[in-house]
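One structure follows; several queries about it will come next.
Here the chain labels run A, B, C, D and E in written order, and each chain numbers its own residues starting at 1.
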Amino acid sequence: MRFYSTLSISQKQIVWAWAFLALPVIFYVVIRFYPTANAFVLSFQEWNLLSDRTFVGLENYHRLFSDPVFWKVFQNTFMYLILGTPISLVLSFIIAYHLDKVRFMHGTIRALYFLPFMTSAVAMAWVWRWFYQPVPIGVFNNFLASLGFGQIQFLNSTTNALPSVLACAVWAGLGFQVIIFMAGLRAIPQSYYEAARIDGVSTWTVLTEITIPLLRPTIVFLVVFSSIGFLRIFDQVFNMTTNNPGGPLNSTKPLVLLIYDTAFNGFNMGYAAAQTVVLFTILLVVSLLQLRLLKDR
Amino acid sequence: MATVSIRNLVKAYGKVEVLHGISLDVADGEFVVFVGPSGCGKSTTLRMIAGLEDITGGEIHIGGRLVNNLEPKDRDIAMVFQNYAIYPHMSVRKNIGFGLRTSKMSKADKQKRIDEVAGILGMTDLLERRPNQLSGGQRQRVAIGRAMVRNPAVFLFDEPLSNLDAQLRTQMRLEIKKLHQRVGNTIIFVTHDQVEAMTMADRIVIMKDGYIQQVGTPLEVYHRPANIFVAQFIGAPSMNMLPGTWTGGGVQFADGVGVKLPARKASEGTGVVLGLRPDDLLVTKEKGLFSGTVNIVEPLGADTLVYVGVNGHEVIAKASGREPPKVGQTVELSADAGEMHLFDARSGEALP
Amino acid sequence: VEIEYWQYFFEARLDAMEKLIENFEAANPDITVKMTHFPYDSYRTKVAAAIPAGQGPDVVQLFYGWLNDYVEAELIQPLPADTFPPEKIEEEFFPMVQAMRIGDSYWALPTAVRSLALFYNERMFADAGIENPPANLDELVEFAKKLTQKDGAGNLTAVGLTTGMTAQDHHWIREVLIPQFGGEPYVDNYRTVNYNNEAGLEAFTFYNDLQAKHGVTKAAFMDEPQAAFKAGRAGMHIDGSFRIGALEDVRGLKWGVAELPAGPDGTKSNYASYWVNAITSKAEGEKFDASVKFMEYLTSDEAMQIWIEIVGELPAKPSAAMTEENISDPVYGPFIKGLDYARTTVFANESAQRQVMVDMMQRIEFEGQSVEESVAQAAEEEQKILDEYYKK
Amino acid sequence: MANQDLAIKASTDTLFSGSSRQPRRNAGQLVRWLLLFGGGVLMVMPIVFMISTSLKFPFEVYNLNLIPEEPTLENYTYVLEDGRFYRWFVNSLVISVVTTASAVFFDALVGYALCKFRFPGRYLVFIAILSTLMIPTEMLVIPWYLMSKSFGWLDTYWGIMFPGVMTAFGTFLMKQFFETVPDDFLEAARIDGLNEFQIWWQVAMPLVRPALAALAIFVFLGNWTAFIWPLIVTNSADMYTLPVGLSSFGDEVDVAWELIMTGAAISTLPTLLVFLIFQRFIIRGVVMAGLKG
Amino acid sequence: MATVSIRNLVKAYGKVEVLHGISLDVADGEFVVFVGPSGCGKSTTLRMIAGLEDITGGEIHIGGRLVNNLEPKDRDIAMVFQNYAIYPHMSVRKNIGFGLRTSKMSKADKQKRIDEVAGILGMTDLLERRPNQLSGGQRQRVAIGRAMVRNPAVFLFDEPLSNLDAQLRTQMRLEIKKLHQRVGNTIIFVTHDQVEAMTMADRIVIMKDGYIQQVGTPLEVYHRPANIFVAQFIGAPSMNMLPGTWTGGGVQFADGVGVKLPARKASEGTGVVLGLRPDDLLVTKEKGLFSGTVNIVEPLGADTLVYVGVNGHEVIAKASGREPPKVGQTVELSADAGEMHLFDARSGEALP
C-alpha cells in the first residue's frame, strides 16, 4: 500500500489496468491461447488422437499445399467471403435503410427480419435443403415451373451449390446486420438530412454522398465481423450437405469443414492443425487489414 | 429578394400546441431576429418557414407565393443550422458546392461561384481542408458559405453563433451584418442572446411560449418594452422591477418611499411595477431616489455593477469603474424620470 | 462392481440394452452396469475424445471399421482366449466376423449384424402390373423403367429405383455389383484397390446407366433416397435392415422386401456391417472380469434374440439367425438369407473411402468424365488412402 | 452534456415512435411498406415451414405442404412428455443465464480496461483477444477436454460453461460502447474518492446499461444454441443441453425431422422472448456505441 | 481551507510540452480565475491540481503538503466539470450524496448534510428528480452541490458556466460568488470568458500558450495590462491598437497625426503601439484626437458601439445610446490621456 502511494497517476493506471485484466488474462491464456499454441505445435506433428504425438516437421504443410482439395477449399472459402460479405451487406443495408423510414408496425417488421438469426441452424438448413429440391417437391423449382421456366439444380450442381448454401447463410445473418445498420443510421444527425433537403439534392445524392460516407464506421464494423463469419462458415454448409458434406465434389466445402472433416472423420489432428493455422493466418490478415481501414478516417 | 409573410401560424406536436397562431410580415431585404427563452418556439417557426416541419394551421408566403406545401428546395431559401450541419467527410470546397448540386450551372461556373463565396468569407486558403481541421469560427463560415452560394431570396439562421466563444461570436456577428449589407437578402435570424438581437436586427421579434410578445426595432424594444417580459428579457443585466401602487402622480412603495411620475393610463390604487434598467440607475454622491447597502460589487472595467439592497429588494445599479463603492457601504441611487418604465402588475403590460 | 457401457443413442437399441442389462444384472447380482449414450452424429467424436483422455467406459460399442485404430492405440484389450476361443467363434458366428480377429485373438464381437435388401413399393408394383420383385439385374432395369413416372415437362415425379451414393449404394456397388460382374473390390487383405479393371468398369457402367442411359433414376432425387421411397415416389430402394423400423412408421406406404437381385451369371452377393462391443484397456481387475461376463452375455443367443425382437437387427450367429421363424419372416427373411453370402470390407477410413466413390459418380454426372477415367482416378485416390494408412 | 442529452433523448424519442424520418404519406410510402413487410414475411417463411412440419405426422413430412393435412400436436406432446426434455431445458437455461451474466461482466470489465486505461501493451492485448475469434471451436475442444478432465470438470455445469465465461466479440463490442462514456463522469467519481473498480461498477456500468442488454441477448443466443462443446464435455443425458438433447432425435439411419422441428420451435421460444423484451435496447445500445474505430 | 502553491509546473503530452513551467501561489480563501484563449493550458493546470493528470515536472502543494503523487481523493479538493458530469442514472439526492460515499459519517448525518447543501442551493424540492428533468442551471447547481457536500479545502471549477445561456450565466456567476463569500474556501476557477473573470476573481491569472502572462486583481489587469496580449484579451470589445513611433513626448502615427503622452521608458524612435479601450474612446462633438467615418453602428441600449475608419484602421468607439451617429457620418473621437496604454511594438510589453 505504501509502495502504491508513491506511484504517479499513470503508474497507478497501469496497476489498475492489470488488476482489471488479471483474471481475464489468465482465462485467455489458459483457455484460448494455450489451445491455440497447442494447435500451432500440433501442426508440426502427427496425431490421430489415439496414438502418441510425433514430430514430422513441415510435412503437414507440405501435404496441405500440394493437395488439390485444399486449394479448392481455399477458393471456396474466399468465394463465401467475396460473395457473402458484399451481398449480405448490400441487402441488409437496403432493408435497414427502408425500414428506418417506416413507422407502421416497425417493431414487428424488425422482429421478422431478426427471427432467422435466432432459430436453430440445423432445422433451418433442412428446410432450405427441401426448398431447393427439384420439381415435385422443391418450393423454388415448383415456383419456376409454374411460371413456365426450366428447373434449376440448386444443391445438386457443382456451380450452383455454393451460392445456394450461401443464400441460406446470408438469410440467417441478415437480421443481425439489419439491426446494426439501423443503429448506425439512427446515429447520423438529422440536421445533415435537413440541410440536404434545403439544398434540394436528390435522394440518390443524399444516399451516396451523405448517408453512406457517414455510415462508414458501421460498414467497416460489419465488414470485419461478417468477413470473419463467412470465412468461418460451417453450420449452413454442414447441415445443408449432410449426406455429402461440402459436396458435390467439394464445391461447397469451406476451410472449417475441411478442418472438421480432417479432425473428426480422418482423426488426423496434425493435419487439421496445419489447416487451422492457415485459417488463422487468413483471418488475422483480413481482419487486421480491415481494422486498418476502420482507423483511417 | 423576397418578402416573408406569416399568417396565424399554428404548430402542434400531437396534442401539444407549441405555436398558437403567430403573424408577422418581413419586408424585402429586412434583417429580422427572433429572440426568446429556450423552448418558446423560435426554431419551430424557422423550420416551418424552411419547409422542414409540417404546418398545422395558418399560411406562410414567401415572395408573395403560398409555400405551405412546397418542398424546401422550391422555396428559394437557405438555412444555416445551429450545429452547422457541415459534412465531416467532405472538403470545404465540396461542402460549399453542395448547395449547387441541383443548379444547372456549368462545372466551371460552379467552381467560380464557390471561389467567389470563399473569397467573400475570407477562406480561399481553406477550401481543400476537411472540417475537422477548422476552428469553430471557420466551420461556421463554411455553413454560411453553403447557404450563400445559392444566393437565395431568404436566409434562415438558427442560433448560428451559440457554439462559439465570446470573442469569435463578436467577430461573426459583424461578418453576418456585413454580408447582409453587401448582398441585401432577406434574413431571419434566431437566437436566445439578446445582445446578438440588439446589434444585428432591423427588427426584433420577441417570443414566449409560442406567442409573439413584441415586434420592433432594437431601440423600440429596449426603450419601449411592451410588457414586463420584454423589459426583463432585453438588456443585461435585467431591468430592476419594483412593485408598488399607482397614486395618480407617481408610484408608492410598501416602505413609504414614493417616486413621482408623469400621468399614465392607470386608475389610482392599481398595483404597478416600476422598471429601472441598471444602466439608468446610477450610484450618485447626492441624495437620489433610494438609498441602500452594497451587497456585491462586480467591476466590469469601465463601469462597475453594484448590487444594492433596497428595502428587501436587491437592485442592480451602475457606478464608475474608477472609484467603485465598497461592499457594506451605503449608497444613493438616482435615475432620470424619462428612463422609468411602468407596468401593470396584473397583466404585465406597459402603461405608457 | 460397477462397469460402464457406452453406446450411441437410438431408442430401440437403448430399450434393448436396458433389457439386456436388466437380465444380466439379475443373473449377476454383484455387478451393475451403467449405460451412457450419445447422439449418433457425434458418437465417434465423443468416443475419440474421451478414451484417449482415460475417460469413458469399460465396455464400449464401436463400429467394426474402427477396430484397427483402437487396437493400435492400445485402447482396447483382446478378449480372453479362454472365454472366447477363436476357433469356437469362427465356428459359431457368421464368417464376416473374422474381421475382428487380429493375430491370435478376437478383440471385439457383435451382438447383431445388418445386411442389404431391396425394398419395393407394393402399390406401385401393382399399378405397373409387376408381380414379383426383380430376381436379377436385367429385371431390375426392366421393372424400374415401368415404375418411372414423369410429368408433362419431362421432369421425374417418381423414380423406378432410388440411387444415391450417399446412402447404401456405395456398398451395393463395391461389395455386391463388382463381385456379381466377376470382380473383387480389394485384394491383399483390403490393402489394394482392385476395381480398376473390366469387372469393376462393368459394374460402375451398369450403375451409371441406370440414370444416364435408362433414365429410371436420378441421383439425390428428393435429396435422400429413403425420403423418396417413404414419400411413395420410388418403386424400389436398396437399403439396410436398419431401415425397417423407420419404414414401419410410415402410414399409407405398403412395401415389401426382397433379396438383392442376382448378377448376370446368377451370383448373389451382399454387404454386412455391424457394431461390436469391446473391452477397453481401462478395465482392470474385477472390472475386467465383470466386463468379460458382460461381453459373454452380449454375445449369447438369448441376447441376440432379444435384440432382433426389439431393435430388428439380425443375430450375428447363424444359430440364432437361421431359425425357421426368422427365415420365413417376410421382412427379416431376405436380410437373413443375404447374410449367408454377405461380405464385408475392412476400411482404413470409412468416410474417406466412401467419399472417393461419391466423387467418382459425381465427376461423371457433373463434369462429364468418362466412366473409365473416373474409375481410374478413384482407384488411385483410394489406393493412396490405403497406402497412407497402412504404411505405419 | 446538454447536447449529448438532447441527442440521446432524440434517439430514444425516435426509437419509441418508430422513426424520426418525415413520413411522406404517398403511394411510395405504401409500396415501401408492402415490400418490406413482404420481405419480412419471406424471411420467416422457413420458420413458418418449420412450425408447419412440427405439426405433421411423420408420413406427411416429405410432402412439403405448408398446411398440414392432418395437423397434430403429437410431436409436441412426444417431446414434452419425454421427461428428459425438461431436464435439458433447465440445463440450457442455467448454463445460458450464468454464462451470459459472466460474459457480460467480464467482457465489460476487459472492454472498459482496454478503453479507459492507458497502459503499455494495450493494443497488443486487444489484438490478442480479437485473434481468439479466428480459431474454430472444433480445434479447441480436444485441449479443452483434456483440461476439463484433469480438473475434474467433465460432465459438470462448470465444464460446459467455462469456455464461454468471456468472449472476444463482447469485449470488442463493450470497448466500443465505453468509448461513448465521457471521461468526465469517471474523473468526477475519482475526485469523489471511488476506486477504479467502484468507478467502473457504479458509474460506467449503469451508463452503458442498454449496451449490456444488447450484449446479453447476443451472448445468450450463442450459448443457447452451442452444440459441439456441450456435447463433448457431457457424459450423462442428465447433463445434456437442449441442442445436444434434441440432436439425438437424429440417429444412424434416419432423422425424425418432425421432432427436430418441434424441438427447434420450442427452443426458439425463449430466445424470441428475450429478444422481444430487449429489442429496443439492442438498437439503443448499439447507437450508443456509435461504432467509432 | 488551504493554500495552493505551484512551482515550475511542466506538462508534456508525449514530446509536446503544453505547460512550460508555471508558478503561482494561491492564498487561503482566495478566489483565483484562470483565463486565456482556447488551448492555452488552463484545464491542464486545473486537472493537475486535482490529480487527474500526471505531473511531468515541478511541484504542487496543497495546504503546505506536496501532493504530486497523491490520489485525488486524498487532496481535499472538489471539482466541478465543464459539462457538469452529473450521473444521468441517479436522482439529485444520490448525485449530491455521491461525494459522501467514502466519508465515515453515519447515514443520518449524510442525509442531513445533503439536505443542508440542497438548502443552500435552493433545490430542496428537486432532490428526488432525475437530471433529465432539470434545466441547465439546475444541473449546474447539482454539480456544485456534489462538490460542496464534502466541504473541501479547495474548489476547482472548469468553465462551469460556458454551456449556459446569457441569462443563466449571469445568475450562476452571482451564486458562486455568494457561495465563496459564505464558506470562504479557496477557489480556482477556469474560464475563457473575460467578463466572468473580471466579475468573480480576487486575482486573475492570464495564460497563453502554456505561459502565465500576468497575475493581478481584475482592476490591475484591466487598467495596467502587462502586455498587448493581456490588453486585448481583457475587456470587450477589444482594446484598439494603433501602431506608431515614440517621439519622446508622444506617439507619431504614419499619417502625421500625433498624440502627446507623458514620458515613458522608451528610447526615441522605438516602434510602439498605442492602446485605447473602446470604452475610453468617446464620440464627441468637439474636435478630438482623431476623426473618421462611421462604418457600422451597434446599438447596445444604453450605449452604442461605433466602428470608425481612421486612416485605414478600424477602431471601435462608444457613443451614447440615445443619439447614435449614423453610418457614413464623420465623427470626432477623443480619449483621456490617463486611459492611454503604450506598448513596445516588438516585445509587446507595456511601457509604463
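Assorted remarks:
Operating definition for what follows: a contact is a pair of C-beta atoms (placed from the backbone, for glycine too) under 8 Å apart; a residue touches a chain by one contact, two chains touch by 3 or more.
As the structure is a computational prediction, the values presented were derived from the model and not from experiment.
Rounded to a multiple of 5, the Cα-based rotation taking chain B onto chain E is 180 degrees. Ranking A-C and A-D by contacting C-beta pairs places A-D first.
One inter-chain figure worth recording: chain A and chain B are separated by 56 Å, centre to centre, where each centre is the mean of the chain's CA atoms. As a whole-number value, the distance joining the C-alpha centres of chain C and chain E reads 92 Å.
Distance between chain B and chain D, defined via averaged C-alpha coordinates, is recorded as 53 Å.
Residue positions of chain C touching 2 or more other chains, listed in rising order: 45, 49, 222, 231. For chain E, the set of residues touching two or more other chains reads 51-52, 71. Under the contact definition stated at the top, the residues of chain D that touch 2 or more other chains are 62-63, 142, 247.
Partner chain E is touched in their complex by these residues of chain B: 37-38, 162, 165-167, 170, 174, 177-178, 192-195, 198-199, 218-219, 222, 234-238, 277, 279-280, 296, 298-302, 305, 307, 321.
Put simply, chain A touches chain C in their complex at residues 48-51, 129-130, 133-137, 145, 151, 155-158, 243-244, 247-250, 261, 264-267.
Taken together, the chain C residues at the contact with chain A in this complex read 44-45, 48-49, 51-52, 69-70, 72-73, 75, 151, 153, 155-158, 164-167, 218-224, 231, 233, 349, 351-352, 355, 358-359, 362-363, 366-367. Within the complex formed with chain E, the chain A residues making contact are 5-10, 12.
Against chain A, the residues of chain D that register as touching in their complex are 7, 10-11, 14-15, 17-21, 23, 29, 32-33, 35-37, 39-41, 43-44, 46-47, 49-50, 53, 62-64, 106, 109-110, 112-113, 117-120, 122, 125, 127-136, 138-140, 142-144, 147, 162-163, 165-166, 169, 176, 196-197, 200, 221, 225, 243, 246-247, 257, 260-261, 263-264, 267-268, 271-272, 275-276, 279, 282-283, 285-287, 289-293.
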